[in-house]
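Take a look at these structures.
Across the two complexes that follow, subunit A remains constant while its partner is subunit B and subsequently subunit C.
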Partner chain A sequence: MTMPLMRPRRKNPVLRTPQMNLPPWARGRVALGLTAAAAEGRLELQVCQDCGAVQYPPREACHACVSARLRWRAQSGAGRLLAATTLHHSNDLFFRERLPWRLGLVQLDAGATLVVHLHGDVTAPGQPVRVTARLDRAGRAVVIALPDPETPHMADDKMLREMGCDPKFRKVLVSDGKTPLGQALVRAFVAAGADIVWVGHAEPWKKLPGFDALSALPQVTLVPLDVTDGRSVAELAGEIAGKVDIVVNNAEVHRAHGIAARRGTDAARAEMDVNYFGLLRLAQEFGPALKGRSADGVAHAAAWVNLLSIYALANFPPHGTYAASKAAAHSLAQCLRAEMRPAGIRVVNVFPGPVDDEWNQNLPPPKLAPDALARAVVQALKDGLEDVYPGDVAQEWLERWREDPRVLERELAAGG
Partner chain B sequence: MAVRARRQGYEGVAVCVPVTVPYVRYSTRGAFWFLGRAVRALLETSGLRKDDIDGLTVSSFSLAPDTAVGVTQHLGLSPRWLDHLPNGGASGVMALRRAARAVQAGDASVVACVAADTNHVDSFRLMLGSFSQFARDATYPYGSGGPNALFAFITANYMARSGARREDFGRLCVDQRTNALAWGSRFFRKPLTLDEYLAARPIAEPIHLFDCVMPCAGAEAFLVMSEQRARDLGLAYATVRGTIERHNAFQDDPVMVRGGWRVDLPDLYAMAGARPADVDFLQAYDDYPVIVMMQLEGLGFCEPGEGPAFMRAHRFTHDGSFPLNTSGGQLSSGQAGAAGGFMNVNEALRQLTGQAVGRQVAGARLGLVGGYGMVTYDRCLCTGAALLGTPA
Partner chain C sequence: MTDTAPATVPQLTPAQVLGALGAALRDGGIRVVDLTQTLSPEFPQIALPPEMGQCWPFRIEEVSRYDERGPGWYWNNFSCGEHTGTHFDAPIHWISGRHLPNNAVDTIPVQHFVALACVIDCHEQAAADPDYLLTVADIEAFERAHGRIPAGAWVLMRTDWSRRRDPEAYQNFDETGQHTPGPSSEAVQFLVERRDVLGFGSEAIGTDAGQGYHLRPPYPCHYFMHGAGRYGLQCLCNLDLLPPTGSLLICPPLKIEQGSGSPLRVLALVPGV
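What follows is the complex of A and B.
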């Protein structure tokens, strides 16, 4: 049984901070299909469209009928353990630094035999397991076997914690605590066992409902942060960047209009200044510090979360300038992901549908409750996801966007 | 079952001149250096001129980006028959089998079968991650233990199914060390006791230190020609009584419990007109002890699952009840890459030509060589076997 994780001891400031050595990241182009699905939390394997055979390892032709018509399809992951081993020696630095390390050989009910990272609660050959795909610290998908049914404290397993960014015992910065979503995020991180939640607030004179109760939580510390002000960001980074394990950037300006509905560029400029340049300023100040602490003990720096919008994928004309700023932020977030990857820091991009807040007042339901979105963010961190599309609207847009982004654009121009 | 044409025998073929380029743990030389030393040793031992070699097989993992054809220009050879066989533990049997057919068909008259690999500090690690596409995508990112983890699965599963204990594998390792010391191994100078075997540190449980082979650099080579040619040259030789190979057999077994020999075993013994009981010694590929167990079962010395009982019933020293890996095998000499897949052939040749100094199996007339190689994902794909005999 997994032992519950104990609160890590305070770091000895005299000792050197260990640097990150990533696990092996080389994969063939075909095998990256596993990673694309794992980034969204799904186990997908290639299935032959001619004979139905499930393939593993990833390949270019069906092992049963030699067809080239292989498609990535979601799998339940149900299977059983064939054999297990505990490695006491590894040729790779990442694993060498984490020995002993458990591996398993699993047969899926769907047929294939998989070499997997093995959860500590899976011990006996024949034991049922649920195989899933997770991103490892290199951002590449690996298959892991979990106990089925689930076991107490299973999230605290050493291997599983390496594959995710569980907030438990981690120190989190939420860049804007004033909005309903910001407050929900803070509560969700406290509930998930975060050690400290630093809560940014740009305008201390504003008194908002719920904020006093929030700031009374023992884990919460209010910090002045205005992402439009480079000096404000730099000053906060100077204080806490060396301690933050997870940055959640939810600061945003959202005005509901397109091009013709409002004269001038002031509102659009404000959106860009917070939604795009705010991310840039935060990333420049906090990014390097996170990278430097990505192997710093069991609660090492782990993740950067961007609250984007499903409008980042395709412009929604009634919210046209906002959508444009989120598209810009999405593009910059891809750059940030590439720059953080060598250190093993995960960049999680969240693409929610409309949130049930004042700026979406005129949109019809379904709208995403701030609490539900906050829970989705925390769950994505626990599951180690990279791309998250919470809510029914986001899921539907995503499906349409995948089918044909040009068709979606025309549908949105016609009203939705 | 499809009707298969009866395969022809290997009459008239001689295998001779086993040469070994001494193994070293690490070398600053490249694979070509070891290949060159091996070919030179073949020429010096046989008395042939370089131009007499008109067939060549090359087995190497550290030759990249070159293949066998690069070896011809590097060494100034001009063969009319060429093959590239980097197939690990099956390389020796596969080279022998192909060369024998080339000689029988007249495509070549003297085939040099050469296996060589170098081993630089850190080159083993670099090879593991690029050994195959499946290894890169589906095994190396899982702990990067190399084959140890995969053979740990295979061994653990075998132990659970057959009741094999670590002592059973240990007995084999102890006897192979005794064989190695009988002639003087380069790497190991002390006997191994069963207690030392059992007390060794774990590597990937149930694999412990003495279940693993040590990567090293070295080369092995032999010549294949007609019996007539060997007699004319005055070379001591062995005849090919039969040989088989099979790849990716039993692919529906979820975990490897057997090699492919059983598919073709009746052919092997029928070609030789012999039974397993007639075999005087076995040179089995031994990257891990469980693989030897599977060869004992697969090659007809005992039934599947009876390996442990066979282990308990026999001694495997050169003077024991079942002489096995009489030079000490890779477990007691190191694994020089693909040359490890030639060691079994060369030791059989030395036994059958009376060159097994200090470890000669008395009255050896028929020997069996087992080849087993190439874990591209979760199991060994190549299996082969050759029955070699003394000339009539």
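What follows is the complex of A and C.
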């Protein structure tokens, strides 16, 4: 049985803050298919299109019939534990610092046999397990075996917590607490057991419904933060960046027009200033502090979340300038991910469809409820995802975008 | 506007007046009071409904600070709107003044940037009522105590609103909008038509009251002052350091081509103690 995680003690300030040693990260190009699926929370294995064999580890050709016609296909992960072992020694720095570490051999119902990281509640050979792929601290996919069915407190398992960014006992900054989504995010992080939620509070003179109730939560501390003001970002970072474990950047400006429907560039500039430059300012000020604390105890700095938009993938002309700013933010988020990954900080990009808020008032449903989006963000952190497409609209657009971005472009130009 | 040269120094030539002024500035006989709020990112800007165009707040970014971006020098780039911080409103700012001649900051006669000021003290009324509107009766009471407002002078409404250093208290919004003091429609018309003032100045974020949109006409100070070619000053401070009459304001806005206003430094010359 997993012991519930206890609130970590305060760190001893006379000791050096431990620095990150990443687990082995080198993988061949062919293995990145496993990582790409794990980034979205799926276990995908190569399936031979000729003989149907499911194989692991990834290879260039089918291990059974040598066909090169291999496709990545989602797997249920159902299987049984064949054998378990406990590692008491390792020359690899990452594992050396986390010994003892449990490994096992699992036979999937689909056929393949895998060496996996073992959850603490998977103990007896023959025990049913669910195998899934997770990103490890180096951002590369590894396969892990979880107990099936689930067990109490299983999220607090040492190995599993290493693979995810669970907000429990972590300190979170939500960059804008004033929007319905911002408020939902704050409540979701409090519900997930976050220790502290700092809530950005720009233009304090603007009163928005619900905000006072939010600031009454004991975990919540309002902080002045205006991502358009470099000094405001720098001052807040100076004050709290050394304690923040998860940054959630949801600050955005969203105006519902394209090129012709609005004179001038002021609204588009405001969108870029918040949605793109705001991310840049936050990343410059908070990024280094997060990187320096990515191995700082059980509640180490873990993740950076960007609330983007499915419009970042393809322009939605009725909200064309907003889409452009989100595309810019997406590109910068890829840069941030590349810079944070060597430190073991996960960058989670969230691509929701239209949220049910004032700027999407004229869009017909389905629209994503702020509460549902906030829950998806917290779940993505728990599951260690990198790319999240919450809601039906986002899922449908993603599918069409993957089929053919040009076709989707034309469909969106015709109104979606 | 008529000539308002002080009648107390007829024996001096203009050159002697300037010489005496320079000497008085040097020996403290005349002091200079700064009526300007510091431009900073924290100072609030006017907030319009979000679907409308917005005035930019003051923002500043370092170009270099004796570092790899410029080893021997420190400088910044800044951005703001024409109506950010302590600022000047030109007649072209309002639709009622848009067809007037010389209605923009680059074409206003520079003579108007140096003028006498009267300060009407409403700080007690504003403390009791954030929505306080300056009345014609207030103006008449001021004149009974301090004499008639001279033509071509600024009229400044002292409310001590600038002492609200917390931006939230300074803006003073609730769900019905902003609550800050300003002039009544009747008072503005009295000042323009009966007293021929140069303009109106306030300590709050606009020359009009926070609820000025609900007056008749909406935003009467903007409508009547600018419609008559008069000016506005807002976000002033230190008005409590000015005498009711007898101070001289120096307030030239930036020379922006067809500018509707500009942030500026507002100085007042006052008799020394």
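In this section, the second predicted complex is superposed on the first by the 416 of 416 C-alpha atoms of A that agree within 3 Å, B and C clash if a C-alpha of one lies under 4 Å from a C-alpha of the other, contacts with A are read in each partner's own complex, and residues count from 1 in each chain.
The rule we apply is simple: a residue touches a chain if its C-beta (ideal position, glycine included) is under 8 Å from a C-beta of that chain, and two chains touch if they have at least 3 such contacts.
Keep in mind the model is a prediction, meaning the values are calculated, not measured.
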item	value
Joint occupancy of subunit A by subunit B and subunit C, clash or fit	fit
Contacts of A:215 with subunit B and subunit C, given as first, second, both or neither	neither
Angle at subunit A between subunit B and subunit C, C-alpha centres, nearest 10 degrees	150
Which superposed partner A:27 touches (first subunit B, second subunit C, both, neither)	first
Touching partner for A:395 - first (subunit B), second (subunit C), both, neither	neither
When both partners are placed on the shared chain, which of subunit B and subunit C touches more of subunit A	B
Contacts of A:266 with subunit B and subunit C, given as first, second, both or neither	second
Which superposed partner A:230 touches (first subunit B, second subunit C, both, neither)	second
Which of subunit B and subunit C A:151 touches, first, second, both or neither	neither
Touched partner set for A:204, first subunit B, second subunit C, both or neither	second
Shortest span in Å between Cα atoms of subunit B and of subunit C, once chain A is used as the common reference	40
Common interface residues of subunit A - those touching subunit B in one complex and subunit C in the other	none
Subunit B - residues contacting subunit A, complex	124-125, 128-130, 133-134, 136-146, 148-150, 152-154, 156-157, 160, 201-207, 251, 254-255, 377-378
Partner subunit C, residues of subunit A touching it in the complex	203-207, 226, 228-232, 255, 264, 266-267, 270
Interface residues, subunit A side, partner subunit B - complex	23-28, 30-31, 56-58, 63, 82-92, 94-95, 101, 103-105, 107, 113-117, 125, 136, 138, 140, 142
Touching residues (chain side subunit C, partner subunit A) in the complex	41-42, 44, 47, 51, 53-54, 57, 59-61, 167-168, 170-175
